[in-house]
Amino acid sequence: MSFVRNAWYVAGWSSEFGDDLHALEIIGQSLVLFRDSAGAIKALEDRCPHRLLPLSKGKRIGDTIQCGYHGMTFDGRGTCVRVPGQDNTPQSANVDAFEVEERHGIVWVWMGAPDRADRSLIFDLPEFSDSNWHTHHGGHLHIKSHYLNVAENLVDPAHVSFVHPTTLGNSASEDVPVHVSTSGDVIRAWRWIRNGPPIGFFQKFGGFKGNVDRWHYYDLHLPSTAVIDFGSIDTDLNCPEEERDRGVRIFAIHFVTPVSEDYTIDHWMHLRNTAQGDQAASEQMDAMFNMAFAEDKEILEAVHEAEKRPQRRRPIRIAIDKGPNVYRKRIRDLVAAETTEDLGDPVRPVFIEK
Amino acid sequence: MSFVRNAWYVAGWSSEFGDDLHALEIIGQSLVLFRDSAGAIKALEDRCPHRLLPLSKGKRIGDTIQCGYHGMTFDGRGTCVRVPGQDNTPQSANVDAFEVEERHGIVWVWMGAPDRADRSLIFDLPEFSDSNWHTHHGGHLHIKSHYLNVAENLVDPAHVSFVHPTTLGNSASEDVPVHVSTSGDVIRAWRWIRNGPPIGFFQKFGGFKGNVDRWHYYDLHLPSTAVIDFGSIDTDLNCPEEERDRGVRIFAIHFVTPVSEDYTIDHWMHLRNTAQGDQAASEQMDAMFNMAFAEDKEILEAVHEAEKRPQRRRPIRIAIDKGPNVYRKRIRDLVAAETTEDLGDPVRPVFIEK
Amino acid sequence: MSFVRNAWYVAGWSSEFGDDLHALEIIGQSLVLFRDSAGAIKALEDRCPHRLLPLSKGKRIGDTIQCGYHGMTFDGRGTCVRVPGQDNTPQSANVDAFEVEERHGIVWVWMGAPDRADRSLIFDLPEFSDSNWHTHHGGHLHIKSHYLNVAENLVDPAHVSFVHPTTLGNSASEDVPVHVSTSGDVIRAWRWIRNGPPIGFFQKFGGFKGNVDRWHYYDLHLPSTAVIDFGSIDTDLNCPEEERDRGVRIFAIHFVTPVSEDYTIDHWMHLRNTAQGDQAASEQMDAMFNMAFAEDKEILEAVHEAEKRPQRRRPIRIAIDKGPNVYRKRIRDLVAAETTEDLGDPVRPVFIEK
């Protein structure tokens, strides 16, 4: 098991959650979500305690869910409020409820111990509330790969030269070394490619005539939110690292949600300091991101398939792996710490016998 | 393993069996069936003892089956009558034969010890031969769920209010208690809903103007044949329980055939004391049953999927589970008894090695 | 594990290998093949040692392959010649290379210990270079069955009467005994059917008017190349066994390539002493072979499915199994010998942990 449980994960954009019952799975836990009459999103274990039918197959009745098999009914806190055919509603009939937070149009669910659900830990950026920045929710990508493969790719600037040669990378960067540093729960991998031709993305959106200085800062926030700060500026302006706002600057954000050991959903969006309110630019960027992320998806699924085969030799690690190496070690440490803390075993192997 | 072996199971309607070789699987046993020149249905193990090719891939030659690989040939008793390329036909070359009985257009196979195949145990009803009753063979439903889930649903009147709200149930019955009794190999769950509006089915076929008394008697015959006696009568007539024939009365019958631990086939038909010989009524009823059983199928497959996942907690049982609880206990007892009797292990885990 | 590793296996026809990267799997080993600028076919392990991406997902750069994820680059000997982002290329970064030989338009790969790759062991026939014989590359068949099932079928003349009654066999041969002998690495099963009607194939291509003597010699060369020498001649000519060239004679050759324990590819071709240079005859023969091999495929896949189920009884063996029995024993001996020799475990069960 490689999931960090005490964490906020993204369930989707706010716009995806309405009156209907919405089923999804995060770190192996089935959830049913709905927006109640007060507008608050509720998240419950998606499993009737009686015959295990997913509650998402039942129906909304006011602010409760009625199971589709025998009508057991649960409120937004997971409390069983009705068992048809009997008067009492035993405590054992309750289902787990999960803390939910909506912020900047993003829906977060806390998958750990309820009493640890600290809302101050939810990922945030000052630029979300800065009118000089344009925010655009992109899409989401379903990837048949382990979330660590997906997330490590987001602290790995080196792959863009080879996986995205026409959009996010080009050969000018192939041998430029990558720096890695960590600060609290953020692992940063970055590099500047000075005095090179603009990549496809900035040929399209930067309006550059000559060579540019280009940067990539990959900030991976534990357990699996990535902010990729990338941009370009005329080489002639000789931009210092800390003055990136003078150039064309994009924050591509990935919310990586582990579904199971074999499946991951990546919700992606971006902020930019250019083309405010320009819907056409947003759509063109989405098209380019979609193309690039489809390239990642193909690689990440092939890697996952390969990892499931028995191996004669251990994989090797190379210099550009610094970011992924640090990231995987931090995750292992978090998982190990949660295991020894005993959060009440997430899934004990009890199976239904006939 | 949860199959009762010493039992008659339904292979299909008589009309499904002709000259062709017909492959099917019951309680994990592959069978090939065909109707011989005298009109009798023969059932053999569907496995050539030589290279294991299913005999159903071979061809009929008179009243024998010739294997499609090397021509080994078997008669209707499973005796090997020819091994091409040699003169003798060793006893070890025989295949198992199974007792078959056709009755009222229904084909039964005995899956247990051959010397125990008692034809008096085959399910029957006096109404099959009663000219006041109309018999109509319906269809069959393939369900990716364990047969115990399918069969327990048929001794569970409580689910109809929630799973079939537009056809077989309505909200009037939601909280009416269910009675359970047993008599020999029959488990009965029943309830009367007095003085309520007719359900969709009887709105269509009963011609009722006002409120009705409605009954559901679910008789589950071990191991897995269910007769659902349901009907309605004007409330004003104040009908006693034993005089149900005065109302509009239907016997919906389900022959639940376990295929494997993950697959079940339900052959369903009905008898009725109304609309004799009315083919249009039969078709309308089939349409309604098809709709209702598709609702069951969706629930039963979702429950089966859920049961295959590891569980953190045991499922709970509630008041309306009385029928299912009794049924599952009876099955467990039958399976345990067969195991200690040693019927000659149905499937010992011997695998082909290369 | 039932694969012979120290052997040459067929990867395909020469015409299938061009500039592109060509992925395939032989005895569980993933390979990437390409033809270099000098025209030589190179075969490498299809796995980047870094993140395990199949190299076949990367791209050709000159005579090297660049991995599609981070650009690690390998030459045709498997030596890593570049690791982007660092100066050194560690020895542990190399991938395995496999010996390749092209001969008569057939591409062979040695899957065993490289120092044992003896090219004199590659299957050959004098008729490949004999102008009296016409050579025609046929097709290839993908079969979801174990290669031992596929290969044993090719030292089993008895099946043709039942599996191929309209093309390669007929009922005249059903009870004619099969002889078996071995000579070095070749197991031969054969029989003559004297004075019978010609089979479908020779009705079409032999121009026979009356009865014929017909022969089948099945030579199975270990581990899995089969030459089926079959033909017919007028019965009146009273042909001795060693003078088969006087009749119409075909060598149908099957190169059976084990892919995995569940998958086999059969490349098939033929040589003939008739209809030289007649392309229409080649196509008609291909059509007939295609029909016959589709019949084999159906049987062999059904047998494989059946073998994967647990068995109550061991399969029996019959008189016509002599060839298959000898063959399977020889393979078992070869595999056992390789195991005790310790070739350096082909696949040790090391799995990637997260």
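Order of writing sets the labels: A, B and C. Residues in every chain begin at 1.
As a working rule, a contact is a pair of C-beta atoms (placed from the backbone, for glycine too) under 8 Å apart; a residue touches a chain by one contact, two chains touch by 3 or more.
Which chain is which protein? Per UniProt: A, B, C = Toluene-4-sulfonate monooxygenase system iron-sulfur subunit TsaM1.
The structure displayed is predicted, hence computed values, not measured ones.
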(message) Suppose a student superposes the Cα atoms of subunit B on subunit C; what rotation angle should they report, nearest 5 degrees?
(response) 120
(request) Call it same or different for subunit A and subunit B: same when shared residue numbers make up over half of all numbers used at their interface. (result) different
(message) Nearest whole angstrom, what separates the Cα centre of subunit A from the Cα centre of subunit B?
(response) 48
(request) Would you mind listing the residues of subunit A that make contact with two or more other chains? (result) none
(message) Could you list, by residue number, the parts of subunit B that touch subunit C in their complex?
(response) 47, 49-54, 57, 66-72, 83-86, 90, 92-93, 345-352, 354
(request) Mind listing the subunit C positions that touch subunit B in their complex? (result) 2, 146, 148, 158-159, 161-163, 174-178, 261, 298-299, 302-303, 306-308, 310-321
